[in-house]
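So, here come the structures, one by one.
In what follows, subunit A forms one complex with subunit B and a second complex with subunit C.
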Partner chain A sequence: MGKFMHNVKKHVWSYVFIVPMAILFLGFTVYPLLSSVRYTFYNWSGIGVPKDFVGFKHYINIAKDPFFWNAFRNTFIYAGVLVPVQLSIALVLAVILNSKQLRLKYIFRVIFFSPVVTSTAIVGIVISLLSITAGSEISRVLVQTELINRPIDWLGDPRTAMWIVISVGTWIGLGYPLMYFLAGLQAIDQELYDAAKVDGAGNVDLFWYITVPSIRPVGIVVLLVTTLHSLRVFDIVQVMTKGGPYFATEVVGTYIYRHAFFGTGVGEGDANLGFASAAAFFMGILVMFISVLQVAAVRYAATYRQKRP
Partner chain B sequence: MKYQISLSNVLTMIVTVAVLAGCTSPAVSPTKAPASPQPTIAPTVTVPPTKPPQVTPSPQPVKLVYWDWFPKSEGAYVDEQLHKFHETYPWVTVERNNIPDSMAYVEAIKLTFDTDQAPDVFQLLRRTRLRDYQQYVMPLNKWVTPEWAKRFPSGTFSEGSPNVAGENIYSFPFQGPGNVIRLLYLNTALFEKAGLVDSAGKPAAPKTYSQVREYALKITQACKGECYGWGFGGKDPGNAFGNVIDIAQYGGGSFFTLDGFDFKTGKYAYGSNPAYSDVISLLLGMKEDGSIIPEAMSLDDATIEALFAEGKVAMLLGKFSVATNWVKPYPNFDEFEIVAPPVPDSGQKGFWYYIPGGNTWHMSANTKYPEEVWLLMDWFASKQFAEGWVEAELGVVFYAEANKPEYVKNRHFADFVKFSSGLVKLGPSYSIRNPATSAVKPEAVSPDWADVFAGIYTGQLDMKTALAELDKRKQATLESAIQKAQADGAEVSIEDFIFSDWNQMEDYVTQPNK
Partner chain C sequence: MKFPSVRRALPKIFIHLALIVFGGFYTYPFLWMVAGSLKTRQEFFGSRLSLWPRQAIWENYREAWESAKFSVYFGNTVFVTILSTLLVVILTSMAGYALARSSFPGKRILVGVMLATMFLPKGYTIVPIYELIKNLKLLNTLWAVVLVNTATSMVFNSFLFVGYFTTIPKELEEAATLDGANFLTTYLLIALPIARPIIGTVALFEFIDNWNSFFIPLVFTLGRPSLRTLTVGMYALVGESATDWTLLCAAATMSLLPTIILFFLLQRVFVDGIAGAIRG
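Moving on to the complex of A and B:
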């Protein structure tokens, strides 16, 4: 205790600076999270005090609901495709943008980062409209060239909707990993490249043996952040497809939203915040478990690599 | 080295173009109209002009807070009326807070209840169960005298009506039942293009499902890929297939108090009543023909309405508000006709139905100024307010004599007013027969009809199996809700929901306890 207090006194200003963020975190993250746990045991429309206690019924129903598992599967398909594709593109673009020979690189950086600061809702609406206007023209060309026999409803067809959403999600979030990678690349000592070149390394060798190992710590952070962020997908799906057609693009976020505010999507009277809270909590636990596994796997891989002769 | 520079720049340029392509400004879509208000009752009696109540002005100025979810057009009329109200009662000022997004409105009004800051006067949404909000609403029994109630049709304040709970009256109807009807919109130019016009140049209205399919195909073929015979906005299945289910109702289905429920047998009948399969088959047939705009499932209501006005779609179903939605973005667009919706080939077997009563405005249980709030509610229930509403082409009202086509200038709205009185009938009401049925609260089923219809249309579900399973789900929740209500002491049974003598082609006057 004495040592602890001594440490606190020694670094008192560090704690002072942490306090505002800690208050916000406790007030706006921890408290709502814990208080929503109580609601998971009630049928509750969101009005007044919850009274209709149902115990673990919501959890049992969620575990048995094929539409929850459909949403769960879609969420992981979204994340499973988006993360590797987005990170690969981001890394390649970062290497290009880090090139000394590239002109107007600052303009390109701004351009690539701009989707991140654009409202997802606006992007979703724009892409939805493009899928109708430009999409119908693409369909027309495909029909004329006899590649398909009837026009495609890109966002209204269960076979294509999810892929369009994943593509847009990949594009809109590209800026973050790109900037992380760029920062990582800029921190690499140029002398490493020069020394490797003297040893006869080519461009591919430089990339694989200098660039990739040097940005691995950044890459692990980016991988974790991007994965967690993509598992929380909601807004782009809600704006573009509302989870449709017939749940083909429904993710856990839209599943929770539907039950919290609409129930079946037909009437306001069907909303059940208790059920939605249970779904959110259930998903939170699953994501937490997966995140722990992911961190453990990354650490194990790093340790294995270090031990390798 | 030159090659490296060139490759970097080329790759960067390619991705840049892709990024910029997505930043193109969107075409602005008209704002989607909110859900239609709750249907109320059409009077069969002549109502004398209402007189403002005699009141003693308060010595202190009174400021009332009033919340509604009216969209802009209705809101402008309400603002104008609130101004007149203030002129009549100068000591009362009304501060109107408008949230036209119905979902946002629901959340906001719930929040005011939770924080004891409910407005003095507020609206609730269509399909809102009064019992969920009862503690926040002031009973109006003190003011609803027999004389005052005469302006409404009989049955409006019966126990079991949507505005009555127990012996307490909480609200009164305003908008007429005709507002819920769906009409068929025909684009004159496209019908002309396909040669489907009569000698006067008016579109030949398809009367049956077969004719709809035939005309849609003819128009699509005449358009050669530039336009389509039929359109709908399937992005929001609740709206898009709400139109479809309403047409099914007209073809002999059920009505909104229990969608898909057959009141004659006490069973859900999505799978067994051809009214539903007929209309879905019509859609699937037109889809197979290529007559429906291919992007239908990606479009919202506002976009499909815009495409109709731009001559890309020849036919669509919609409420009367579709015509008024065009006024602002397409002020010169008049080349369309509104006709009665099509019926199955076997003929019309139903109508739109309504039950007596309705709830639009409510007084807060915690208001400090109940007398002044009542003045405002009485103003909303007045004949002059109702007539002005129709003249402003905002819909029909419960005062039948205000619903006259000659009151309105717009010929399309006049057509709607004409249809609205002929396409609605009084339907059976289990809540009037046995008010204890209010204790029966069927849980929501998922997926419900809107999603199931969407799944069938997109080929993800088999129609026969999906509709039969929907019936099973809904029947199970109803029976389970009845059992729960019985366990809680309510004297209810499935028999309360069965009206075996209901003739769907005629008005049905529900008798209490029978």
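Moving on to the complex of A and C:
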């Protein structure tokens, strides 16, 4: 014990340096994590102290709620389409932007990164204005050429709204994987390419046999990050459609927000923070499970490839 | 002699053309927004997709700045962003330094818990955070936004600093200690100046994150419109003057421009920062 206290005293400055961060970390990360789990067992509108203990009822109700599964399915459609499309475009674009012969590199970088450094909430608003304007022009042309009979209200039509949201999400987030890929490409040894060229490899060969394997480690990180990020989608849906029309674009993020602050939106449901926390926790566990699966799958694929002759 | 060089130049020209066309489509929403902000209402609805206003007018900006209160929102955003960014840089560089340079009792537990929370689902812990802010009597203040934005950036950035400090050699600091410098002066006079690149990266990313933060200020300023930040103000403006599109365009341009300019000026820091994060 004496030795312990001596050790503590010796590091007194370290504690002074750590304590502010540790307090904020415990207060705003650890405590909220623990207590949001506790809320999931109560009926609670957010006023006063949670008293109405309901056990696992919220979890059971969520598992039975078709609106949750609708939001769940939409979230996975969003991520399932966005991630592969965004990563493919980002990789090709990164290779082009990294090429030595390219002029105006810096201008192009600013162009493709600009949606990333701007606020999703505000850009989402601008895009919804634009989609009304451009959308009505496009559907006017489509009607004139008799490809469709009636003008389409792109964000107001349950059949098209989700695709608009996905396209905008892909556009807004493209810069992140692009930046990671660019950084990864810059780390590749140029001599690999020179050697392959001497052996008569073409540009496509260089891409598949040198570029792709070399940035695979970065690619795995990017895949994980973009998947997690897109499963947490909220801002863009909230400002563009609020989950509508008729829940066609509702994702788990907006489902939770709706239940936490406004109630079910159907029938006479009230705001219920207990229910919302349960939905959040349920989704959090699922997402964690998925990322574990993803890591395992990537590992398996890597070892499988190595084992092949 | 001319022919082969033309044939070699062709793919290059093609790639540039393709990039310009794609880049044009890519930035079209921004250009359309800026053009819209400079048009009169009549012109806007007459030439809805055009990018060139017949005559640039600044009336929309004046209206957004004054009657739509964007001057207030701008001030609030600057306040929140600068304060949170400063706090994050100071607190996480200190914590990162201590974690990297000393092995105090309790360090392993702390690092373990910090790592664990990075992988645990948190995204939706806003409710207990709201309760905490309420108990601290900070509800409907800008301090709430500063505090929550700062606090939720602690773990990731502390680890960035830990990563940086463990890669730089200790010799200079050890020499300083022999000369009688204590932990604090070593940190201030030796470690911090060496850490300039990582400070730049953290500060830049934090600045942009805080400027664009939407959900936190939305929740904590619901009851007090005068405390709105630009993102929340923009969201509210859509509800209030949904039909006044040229005003919306001007307000959006004003809100988005600072981070785009910042990125344009400091893009090296960005790419280097990301490259550093990958290596680390």
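To be clear about the criterion, the second predicted complex is superposed on the first by the 277 of 309 C-alpha atoms of A that agree within 3 Å, B and C clash if a C-alpha of one lies under 4 Å from a C-alpha of the other, contacts with A are read in each partner's own complex, and residues count from 1 in each chain.
Quick note on the criterion: a residue touches a chain if its C-beta (ideal position, glycine included) is under 8 Å from a C-beta of that chain, and two chains touch if they have at least 3 such contacts.
Since we're looking at a predicted model, the values are computed, not measured.
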item	value
Which of subunit B and subunit C A:158 touches, first, second, both or neither	first
Subunit B versus subunit C as contact partner of A:283, first or second or both or neither	second
Contacts of A:135 with subunit B and subunit C, given as first, second, both or neither	first
Partner chain(s) touched by A:108 [first = subunit B, second = subunit C, both, neither]	both
Which of subunit B and subunit C A:148 touches, first, second, both or neither	neither
Contacts of A:248 with subunit B and subunit C, given as first, second, both or neither	first
Partner chain in contact with A:96 - subunit B first, subunit C second, else both or neither	both
Subunit B versus subunit C as contact partner of A:195, first or second or both or neither	neither
Subunit B versus subunit C, judged by how many residues of subunit A each one touches	C
Which superposed partner A:126 touches (first subunit B, second subunit C, both, neither)	both
Overlap of subunit C and subunit B interfaces on subunit A (superposed complexes)	46, 96, 99, 101-103, 108, 111-112, 114, 118, 122-123, 125-127, 129-130, 133, 171
Touching residues (chain side subunit A, partner subunit C) in the complex	4, 7-8, 11, 13-18, 20-22, 24-25, 27-33, 35-36, 39, 46, 96, 99, 101-104, 106, 108-114, 117-123, 125-127, 129-130, 133-134, 137, 171, 179-180, 182-184, 186-187, 218, 221, 232, 234-235, 239, 253, 256, 260, 273, 276-277, 280-281, 283-285, 287-288, 291
Interfacial residue positions of subunit C with respect to subunit A in the complex	12, 15-16, 19, 23, 26-27, 29-30, 32-33, 48-49, 91-92, 94-95, 97-99, 101-105, 110, 113-114, 117, 119-132, 147-148, 150-152, 154-155, 158, 182-184, 187, 208, 211-212, 214-215, 230-231, 234-235, 238, 245, 248-249, 252, 255-256, 259-260, 262-264, 267, 270-271, 274-275, 278-279
Complex contacts: residues of subunit A adjacent to subunit B	45-48, 65, 67, 92-93, 96-97, 99, 101-103, 108, 111-112, 114-115, 118, 122-123, 125-133, 135-136, 139-140, 150-158, 168, 171, 203, 241-242, 244-248, 259, 261, 263-270, 272
Subunit A contact footprint on subunit B (complex, rising order)	1, 4-5, 8-9, 11-12, 15-16, 18-20, 22-27, 29, 102-103, 106-107, 110, 113-114, 125, 127-129, 132-133, 135, 225, 234-238, 259, 290, 294-299, 303, 444-452, 454-455, 457-461
